[in-house]
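Given below, in the form of C-alpha cells, are the structures.
Each of the next two complexes has chain A plus one other chain: chain B in the first, chain C in the second.
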Partner chain A sequence: DYVRECGQVQKVQHNPDPKLHPFERAREYTRALNATKLDKVFAKPFIGALSGHIDSIWKLANVPTRLSTLISGSCDGELRVWDIPQRRVTWKAQAHRGFVRGVVVERSGKNVITCGDDQTIKVWSLDQSTIMEDDDEQDESKENVKPLHEFLGKAGFLDIDCQWDSDLLVTSGMQVDLWDMNRSEPLHSFSWGADTINTVKFNRVETNVLSSTASDRNIVLYDIRSKTPIRKLVMKMCTNSLCWNPMEAFNFTIACEDCNLYTFDMRKLQQAMNVHKDHVRAAMSVDYSPTGREFVSGSYDQTVRIFRVSEGHSREVYHTKRMQRVFCVKFSADSKFVFSGSDDTNVRVWKSQSSARLGTLLPRQKQQLRYRKQLKKKYVHMPEIRRIERHRHVPKSIYKATELRHIMSSAAERKESRRRKHSKPGSRKFKVERKSHIVQEDE
Partner chain B sequence: MSSRDSIGMNNLSDSGNDSGVEDGPSPVNLQADIQKIAKKSRHRSERPSVRLAATGSTGVDLGALAVLRKELPNVDGFVEAAPRSKPEQKRIARKRGYEEISEDVNKWQGIVHQQRNARQLSFPLDKNSISIIKQDNKFQPLMKTELEKEMYELLSGAEMIKPKEESAEDKAVREAMTLEEVLERNKESWRLRTLRNKLGKKAHIRNKTKSKKFHRILKKDRLRKEASNLEQLGKTEPGRALDKLQKLDEIRIEERMTLKHKKSKWAANLQLRAKTDKTALAALQENSRLHEEMVNKLKKTKEEEEAEDDSEEDDSDTDDSDEHDPEADTQNSTPAPGVQDKSYKKMKTFWGEYNRQKEEEMKDQLEEIRRQRKQPKKGQDEQTIEEANKMIKDKLKQSTKSNKGKKKTTCSNNPDVNDNVKINEYEFTFSSMDKPDNPMNESAVRLRTLDDMENFKPDKVAPVAASKTLKQVANNKKKSLPEVDASKIRVLETKVLESSVVKDFFNNDSDSDEAENDDPNADLFDEDDLALDEFNKAREAAEDAAQPKDVCHALPGWGSWTGPDIKMSAKIIERFTDKAPKKAPSKFSDKKNVIYNEEADLHQNIRNRMVSELPFPFLQVSDWEASIRGPIGRTFVPELVHRKLIEPALVTEIGAVIKPMDQTQLLKDNRAKQAVKDNKKTKNQKKEEMEKSGEKPVRPGNQLIEFGSSKKRKFSRKSVN
Partner chain C sequence: RKKHCSQTEENMSSPMKNAKDDSAVRKYNAGDMKSIRKKHCSQTEENMSIPEVKAEDGSAVRTYDTGDMKFDRNNKWTKKKDQQHEGRNSGIDAFRKEKEEKFPGRKPVSTEALKKFYYGPGMKKGPKLTGIGMSRRNKFVQKEKLVEEGRREAARAEMLLTEQSGCVEAAEGFSTMNLTQRDIVESSDITSKCKSFELKLDHFGPYKLKYFRDGRHLALAGKMGHLSNFNWVTKKLTTEINIMQQLYDVCYLQDHRTLAVAQNDWVSIYDEAGVELHAVKDFYNINYLDYMPYHFLCVALSSCKGMLHYLDVTLGQEVTNITTGNGRASGMCHNPYNGVICTSHVNGTVNMWTPNCKAAVASMLAHKAPVSAMAYDPSGRYLVTSSCRRELHIWDARNLGTQLHSLKTQQPARQISVSQRGLIALGFDRDVQIYRGIHGSVVEPYMKQSLGNLLSQVQFCPYEDVLGVTTRDTFISLIIPGAGEANFDAAEVNPYSSKSNRREALIKGLLAKVPAELITLDPYTVAQVDIPTLEEKLEAQRKLVYVNVPRINPKPKYRMKGKSGSAQTAKRKMIRKEMHKTRYLDKVKKDRIAAGLEEKKPSSNDKYKEKIYENVLDRFK
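Our next item is the complex of A and B:
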C-alpha cells in the first residue's frame, strides 16, 4: 500500500541474499557488455553545423557569462555572433580587412574584442540591436554594426587575450603588448628575440602569468607584475596553439606542428608532463575543458580529438566527410559541448561525451546511466568489452597515415636499438620521449 | 678598513705559517687548511667591492682609496665587479622572476593534488567567501593580564567595542534550519505520528471489543501485574508498598460500603416478580444454590491445589513434560456437578471417537500394505511382517485402552497423538524393506532439498531409515511413553528383515550366475591388462606431445656437401637447434590413471573472457581480481550500497558556467590544517624530547592561521545562503 511520492510506483521488497541471485559476476559482465554496446549505439556526437561564413573560420570565442553564445572570426575578416540553441546568427560585422586573428570576450561578457591583420584592435558591444531576418538584410546590417572603440597598432596583430580578473588585454604580433582597455597605447611591450609571435594566452588561475608561442619554435612565459619575460622553451617544431589548464595553475598544453600535443608543468620545463599522440598532421588548436580534466584539439588532418590530461592517447575522435582542416576548437563553458571551426567555413557543434543524453534526466534514468558507466569502468579490461569500447571509425586516409606513422616510428626505434647494440655500451643514451621534442630551455 | 684588510692578510699569513710550522701535514689537516683559506679569500673578494662603492659615493678618503686600489690586485682571488651588461642584467631578472613565480605557484600544489586524487569532483566549484565575525557581546574576551583588563574596561567604557547587532536577516538565517535538519525533523515527526496512530488504533480496537471475557482477562492481567508490582515494591520499598496497600484497602472498603457487589439488576427484578411469578422464585432459588455450590467449589479447589502442589513436587523428578494439556486442565478443575457431567460426557465421546478413527486408519493401512504385496507365495518374511503387524495392533489396543483408563483414573500425562504417527512411520519403513520398487519407498526418507536428492542412494535408505526409526523409538522412550513397551518393539529390529530380504535377493542372483559361468574373473583380468597397456601408451604419447619440442633450423648443403648418403654433422645440428624450455610438470603428472589435456581444460568461452596481461593500474593479480569480484548492481547489493558504488567521478551541473579556479579555493585547501597538525605533532615530539633533556617547553607564538575551519565555513555558507 506504500506508494512512492513521485509517482505510482509500488514499493517492492527485495531480498539481497546472494543465494537468491546467482551468477552475479556473469550477469554483471553481460550487463557491462550490453552497456558498452549501447554506448556505441547511442554515440552520435554531432549536433549541428553553423554555416554562414564565406571563408575559413580562424578563431572561436565563447562568452564567460553565457552558454548559448559563440563568436567566430573568419579569414575574410567577418565576425559572427551565434545563438547556438537557435543555430543562427545574432549579428555579424565586417570586423577587419584580412584575417580576424584574435577574438576574445571581456570578463564582464559585454564586449567582444577582436584584432586583425589590418593593425587594429576593435571593441564591439556583444548585444547589438540589429537582428537578422534574411540574407539581404544581413548584408546591409553588416555595414550598420560599428565598433565601440578602435585602437591602431604599429603592426598587424596575430592574437589577443583578456585577463580573467581584470581589464588587461594582451596582444601578439611583432611583440607581446599589454593594453589597458581605457588607453590607446600599450602599457608595456615584452620582447625576447625578434620573430613573429603567433599566439598569446593568459593563465586563467594565476592571472599575472601569460605565455606566447612564436614562429621560431619557442614558447615564452611572462610575468606582468615584474614586466619581464621569465622563461623560454625551444621546441623542435613550431607551436600552433597553447592553453592553460583552468583548474591547475601551473599546467598548460601546447598543440604542436609535429602532430603531437604536449602538457607542461611551468615549474619543470625541461621535460613534458605528457605527450599526447594521435593526430596525423599538425595540431592547430587546443582548448581545455573547464573541468580541467580533458582538452580538445583540432588538427590539419580534419579531425577533432578529445584527450584526457593524464593519458597519452585520445579518448574520442570526431570527423565528418565535409569537415576540412580544423583551425580552431573550443570547449563550452559547461564542459558538455565542443565547437570546431574549420576550413570548410562551418562551425560545428559536438557533444563532449559522444553518447551523452541531452536535456534533463529522470532520477531513475540518471541512476541507470551511472550504473552502466560504472559497469563499463569495472569490466573495461575484459578483452571483448575493451575491443568494443576502443573501436573508432576513422577515414581511410587517417587510418593509413596512422599506420604509416607507426611503421616509421617503429623503424626509427629499431634503428636506434641496433645502433645502441653496435656501439660501446653506455655511449648511446636512451632518449626519453618526453624530453626528445625539446631543444632547450633558455633563462 | 685597511686595518681589517691587514688583519685578513695576517690571518692568511698565520694560517700559512701554521701549515708551514707543521713538519709533515696530515692530509686531513691540509684539507681543512685549504678550506679555511678558500673561505677567507672569498670573504675578501666580496667585502672590499662593497666598501669601495660606499666610500666612493660619499667621497671620503680618496687618497686611501687609491692606495687600496693599488694594493688590491695583489690579493689572491680578488676580481673587481665589472658593471653587468644589459643582456646579463635582463637574464638575471628573468631568472629571478621565474624562480619567484615557480615558488609562488607552488601554493596550488595541494589543491591540484587533492583534485587529481579526489573520488568525486563536482563542478562548478563552491564559492568560498571570507567573512569576518564581529565582536559578539555574549563572549567576554579572555583577559590574562591586568593591563588587558584595564584596556578592555577603557575601551568598553568609551564604547569602542560595539556589540554585534543581529539583523533580521541574520536572525532568520540563524534560526532557519538546514535541509538536513528539516528532513530529520520531518522524519521524526512522521515516525511519532505513525506510532501514535498505531497505538490509537490498537486502543480503539481494544475498547470496542464487546467480549466480556476479553475484558475480564484484561482486568485479570492488569490486577496480576499490579499485584506483582506491589510485591516487588514490598521487597524494595516496604513503606510505599504499605501505603499502596492501605489505599487499596480503602478502595475495597468503599466498594463494600456501596453494596454494589451484592446487588444485581437481574436478581432485583426477579425479586420483584417473585411475589407473583413462581418460575421467577424457582430461578432465584436455583441461583442461590448455584452460588453456594460455587463457594464450596472454590474452597474445594483451594484444598485440592494445595494437595496437588505436594504431589507435583513429588512427581517433578520423574515428569519431564511441561506441555500444556487442555485435557489435563479439564480434568484438574472439577466443575460443578451439573456442568461437569455434560462436559465429561462430551469429552468422553470425543476421545472415544478419536481413538476409534485412529484404529481404523491403522487397519486400512495394514490392509493396503498387504494388498500391494504382489508375491504369490507367503514367504518367511511375510509371516514375520504379519507377526509384526499383529504385535503392533496389540500394542495399539493396549495403548488406547490405557489411554481410556488413564483419563478416568490418573491426572498425569496422556499419550501424544504423535506417537501413533511415529508408529505409522515405523511400519512404512518396514514395507520399504520389503521391495525396492514399492511406491511406499517415497516416504522412507524425506528428500527435502536438492542436496538430499543428489545424495540419495537407494541402497542406503533401508539401514538409514531403520536406524532412524530405532533412534526415534529410543527418543520416544526418553520422552516417556509408559504404555508402549519399547523393549518389545526393539525385538522387531529391521535388521532381521533386511538381512532376510537382501540375502534372498543375492542368493537368487548368484545361483543364476553360477549356472552360466564357472570362472568369470579370468577373462576379465586379461582384457584389463591389455587396456591398461594401451592406456599407458596413450598417456605417454600425450605427455610427450604436451612437451615443447626443440626446433632445428639447420639446412643441409649450407657449409657442407649434401646428398642422398651424406648426413649432416651433429655439430651443425646442435648449433642450429633452438632448445625448448622444459615445461613444468602438470598437476596431474603424478596420477598414473589420468591423461590430462591442458588445452581442453578451459572452455574457449572462458578463454575469451580472460585478460592476457595484468591491466595497467594494477600491480598484482590479486588486486585486479578483487576489483572485479564484488557486484555493484542493485540486484545483488542493497540499494544504498549500490548508490554509493555507482557514484560518478565527475559531476557537472546542467547549464552552469564552470569558472576557472580562483584564489578563494586556496582557503579550502586542507594543507594549512595539515600543517597545523604536523606542527602540533612536532611540537609534542619536541616537548617529549625537552622533558627528557629536562628543559622547559617554550611557549609557541602565532604559528599558523587556520583558514577555512569548519565553523567559519559553515557560517560563511549560511550567510551566503
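Our next item is the complex of A and C:
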C-alpha cells in the first residue's frame, strides 16, 4: 500500500495528528521568513525599455481592446504605436508641431485621437499598413501616415479624453470643450475661472461625470448633462494629473505639485480620503490599476511608485540609473504591468508585482505561491519579516531628500506643539493632515 | 490481496487483534453521542449523520445506540412535523424524509478527535485585548472562526486514516502479562514474525542502541568499539566497523547514513561506509548524545564534567555550551514538543535547558534519591522518571511540578522508554516490563520479558510495534502489540521513502530549519502577542518607586574666544547634567502618574479653568 509499483502515482500518507507535527509555529515562521527573503531575491521588476523617441515622452495611452499595444506621444510631436511583446514600433507619425499633449484611444479600439499645441485634434486609424524595416524607410513611412480627420480649435489643446460609452470627446486648454466626432465645432464649452486647464478626465463608471485640473490650483467636476460645472475644489498647490478609480465610481486620486497624492471622494470634498506621501518632488502622473485597489504614480524625482489606495505610503518604488524625470505612467489593462514614459525618451515596462513570475505556472507552482503568500500575510507583523519586506533601496539623492523632508515636517510639528503649549488652551486648533492641503470648496 | 494483508499487518497493531471491525467504525460510543447531540442541536438536520441500522422489517431506520435506551430520532422528528402540518405538507415531508435518508450529510466529528486539535480557548477565555477597535476585534473573531473550521476539518480527516491500532485485550480471568513472545509470534503473520529476533553479540559487550526516526534503521554501539548500522526490517547491513575505542553513545543525524558516536575522548561522525567524516574534539568525554531533527542540533552531555554542548550540524559549529552543575548527570533526553533538553542528576533533580540560556529554564526535584532513568513521551506531554528508591513518577511536562501518577516498582528501573501510543517500557536488571496507559492508573504490567543477561538499554521503535532491548551480549527485538503509531505522515517521516524522497525531505528540512533561538518552554510563544504578566507589571512599578538618574558625561562643544576654559566648560557641563536630570525625572513623574503612584498636580491652565466665576464681582470675595 505504501510503496509505489511500476507506473503508479506515489501515494502520500497524511496524519493530521499534532503529535507527529512538532514545532508547527516555529517551522511556519521560518518558512514565512524564507518566503519573504525569496520575494526579495526574485524582485526583478524591470522588463525592458522601448527606445526610439527623440524627445521626452509626454503621454501614454492603452488600447481598450488590445493588451499588447501601447501608444506614446512625445514632446517633439511624434506619435508611436508599440507592440510590447515584440518591443518594436508598429507605426509612427509626426502628429503635431510642438508637444503631443493628449493621446486617447476610442472605445472601439480602432482610432487614436491626439491633440497638441498646434491647435489641432487628429484622428488616426490604429491599423496602419506601414511596416517598418529600417531607419530610412521609417522616416519615409512617417510622412506617409496621414490622419483620418482633423479638427481645428481656437487655441492649443492641453489634454483630451473620450467618453466610455459613446463617441463624445472632451478637450482642455482655454476651456473644457465637448466634441462630437461628427461635428467640426464643439458641442459645448465649460469654464469656471479664467486660467489654463491642464488635464481633463472622464469617469469610467459614471460616464457623464468628468473632472478637470487647472493651473490656478483648482479641480473642477462637471456633469455633461447639466451644462454647468458642479463643484470646484481649490488646493494649496497645483494638480498635475487626475485619475478616477475604475471600480469605485466616486473616488479619484490626484497627483499634486507638493509631492503628495490625494485620494478624494467626490461627494465629500472637504477632506481627502487619504494622503499618499513618499515622492520627494512633484508627482507628475497617476493611473489606477483596473482592480481599483492600487495606483501607480510617476514623479519628477525620477521614480515610479505603486501605492495601495488605502495606505499612505507606497508599496513599491521603481527607479533605474538611466531613468530621468517621469512624465507619464500607465497601468496595463491586466494590472500585471506598469509603463512609464520619461524625460530620457524611453518608455519603460515594469512588473506591477516585482517578484511575480511571468508566463504560465504549473498548478503546483501556483499552490506554492499561494501558500507563501498566506504565510507572509500571517507573519507580517513579526519584526524581522516586516523589516525585510519593507526595505527598499533608493538612490542616495532620494534617500537624503526623504530624510530632509522628515526633519522638516517633524520640526514644523514640534514648533506647532510648542506654540500650542504657550498659547491659551483651545485657541490653536489641531490641523487634520487630510484637510490641511485644501484651500476651499466652491459650489 | 496477500500483499495488502501483509503490509497492513506490518504497521499493525496486533496480530491478536481481530480484523477491522466494521461495526466498530459505524457505531458511536454512547457517551460521545450525547455530547455531539448537545453541540449539534442548533445545526440543521443535514449536518447530522446517523448510522444506519436495519430494522426488523428491513427498512432503513436511523437510530442512536445510546446504551440501553434506543432513541429513534428520525421517527420522532417526523411525528412532530406530521402533527404540525396535518395532511397539508405530507408530500413534502415524505420527500424530505427520503432525501435525508439518501443523503445523510457529513458525519459528525467525535469530541475525542476534536480535543486532539485543540489550540486553546481563543479570544473568549484568553487574555483580554484592550484598546483595539471594533473592526480589528471583528477580524480576530473572523480569524478564530477560520481556526475553528480548520480544527474541525483536521479532526474530520482522521476518518481517512487507513490503519488502526490497538493493544492485546485479555479475556476475563486472564492477563496479558502472561503472554510470552512465543505466543505472540505463533499467532501472527509471517512479516510480523520476522520482527521478533535476537542477535548474539558476544565480545563487544554492553550495547547502546538507537532507532532512526523512520523506525527502519537501527544503530548498535558496543562499549568495546563495535559500531553497526543496519536496516533491521530487511536485515540489510549498512555499516559495520570496529573503532577500537570505547563507545559510550550513538545517535543518528539528519539521515540514516550518518552517525554521531561518543568515543573515548571526543565525538566522531561516521558515514555509511564507516569513514570518519568529522571529529568534534571540543566535545570531550561525552556520555550521552541526542539529535533534534527540526533544529539540526546534535546535543552532547558529558556527565562527569557536567557540560552540555549544542552542535549545529549544518554549519559544523558549536552553538553554545552550558555547565549543568547539580552533580553527576545520570541521563539526558530532549522534549520532542518544545526542544528543551532535560538532564537528570544524582541529587534527584531534573533540569531543563535551552541553548539561549546559561541557567536552567526549569528545575524540578523529581525524587529524593538519585534519578536512575527518565524519558519523555513522544507527544512531549509527560515525563517519566524513576529513582534508585524504586519509585516511578509520571509528571505533566507542560505544567511542571504536577505529578500525575506514581508507582512503586520491585526494583529500581534502569531504563525507561515511552512508545508513540503511550506504552511505558521499564528496564530492570534482568527483565523488562511494559506498562499500559500513561494517563490512567498503572497497576500491573501489560507485558513482561525476562532477560538472560544484564540489561543495557531499551527503546521503542517508532511506527512499529517493536521494542528493542540490548543486554551485555545480545540485542533482542520484542513484539509489543499497540506500541507504535499506525498511521505515519509522509511529509514528516516516511518509513517507505525512496532515495529521491529522502533527498527532497532533506532540502525541505534544511529550508525550514528552526533557529536555535526559537527553543522555549512553550513552543507557541513564537508569533504571539507579548502581554506583560502581572509579575512583570509589578516589577515595572517597583522600579518606579526608587529612581536612580543614570549618569552622563557630556562633552560640550569647543568654543572660540576663550569660552572653553576649564571653568566655563565645567559650568556648561553642569548645566547639561542638570538638564538631563530634570528631563529624566519629568519622564519618571509622568510614568508614575500613569502607574497611579502619584497624583497629578493641577497645572497653571487648570487653575484658570477652576476660577471661572459666575459673576465678575465674585473674584473680590
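Criterion: the second predicted complex is superposed on the first by the 434 of 443 C-alpha atoms of A that agree within 3 Å, B and C clash if a C-alpha of one lies under 4 Å from a C-alpha of the other, contacts with A are read in each partner's own complex, and residues count from 1 in each chain.
Everything that follows uses one rule, which is that a contact is a pair of C-beta atoms (placed from the backbone, for glycine too) under 8 Å apart; a residue touches a chain by one contact, two chains touch by 3 or more.
Just so it is clear, the structure is predicted and the values come from calculations on it, not from any experiment.
Engineer: Does the chain A-based superposition show chain B and chain C clashing or fitting?
Structural biologist: clash
Engineer: Of the partners chain B and chain C, which touch A:Pro425 in the superposed model: first, second, both, neither?
Structural biologist: second
Engineer: Counting only touches as set out at the top, which of chain B and chain C does A:Thr65 meet: first, second, both, neither?
Structural biologist: It touches chain B, and chain C stays clear.
Engineer: According to the stated criteria, A:Arg25 is in contact with first (chain B), second (chain C), both, or neither; which is it?
Structural biologist: After superposition on chain A, A:Arg25 lies in contact with both partners, chain B and chain C.
Engineer: Is A:Pro363 touching the first partner chain B, the second partner chain C, both, or neither of them?
Structural biologist: In the superposed model, A:Pro363 contacts neither chain B nor chain C.
Engineer: Quick one: classify A:Asn34 as touching chain B (first), chain C (second), both or neither.
Structural biologist: In the superposition, A:Asn34 contacts chain C only.
Engineer: Is the number of chain A residues in contact higher for chain B or for chain C?
Structural biologist: B
Engineer: Quick check on the superposed pair: does A:Pro85 touch chain B, chain C, both, or neither? Answer first, second, both or neither.
Structural biologist: Neither partner.
Engineer: Let me test your reading of the model: by the given contact rule, A:Gln13 touches which partner, first (chain B), second (chain C), both or neither?
Structural biologist: A:Gln13 sits against chain C, while chain B stays out of touch.
Engineer: Choose the clashing stretch of chain B with respect to chain C from the list 129-137, 309-317 or 435-443.
Structural biologist: 435-443
Engineer: Residues of chain A that sit at the chain B interface in one complex and at the chain C interface in the other, please.
Structural biologist: 14, 16, 18, 21, 24-25, 27, 29, 31, 378-379, 382
Engineer: Quick one: which bits of chain C touch chain A in the complex? Just the residue numbers, please.
Structural biologist: Interface residues on chain C, with respect to chain A: 4, 7-8, 116-117, 154-155, 157-158, 160-162, 294, 336-339, 378-380, 420, 485, 487-496, 498, 511-515, 518, 523-524, 526-527, 605, 608.
Engineer: Quick check: in the complex, which residue numbers of chain A touch chain C?
Structural biologist: Residue list for chain A touching chain C: 1-4, 12-27, 29-31, 34, 378-379, 382, 425.
Engineer: Considering only the defined contacts, which chain B positions touch chain A in the complex?
Structural biologist: Where chain B meets chain A, its residues are 90-91, 93-95, 97-98, 100-102, 104-106, 108, 112, 115-116, 121, 123, 608-612, 615, 624, 627-629, 631-639, 642-643, 645-648, 650, 652-662.
Engineer: Quick one: in the complex, what on chain A touches chain B?
Structural biologist: 14, 16, 18, 21, 24-25, 27-29, 31, 64-67, 164-165, 204-206, 209, 221, 223, 226, 228-231, 246-251, 266-267, 290-293, 310, 333-336, 360, 367, 370-371, 373-375, 378-379, 381-384, 443
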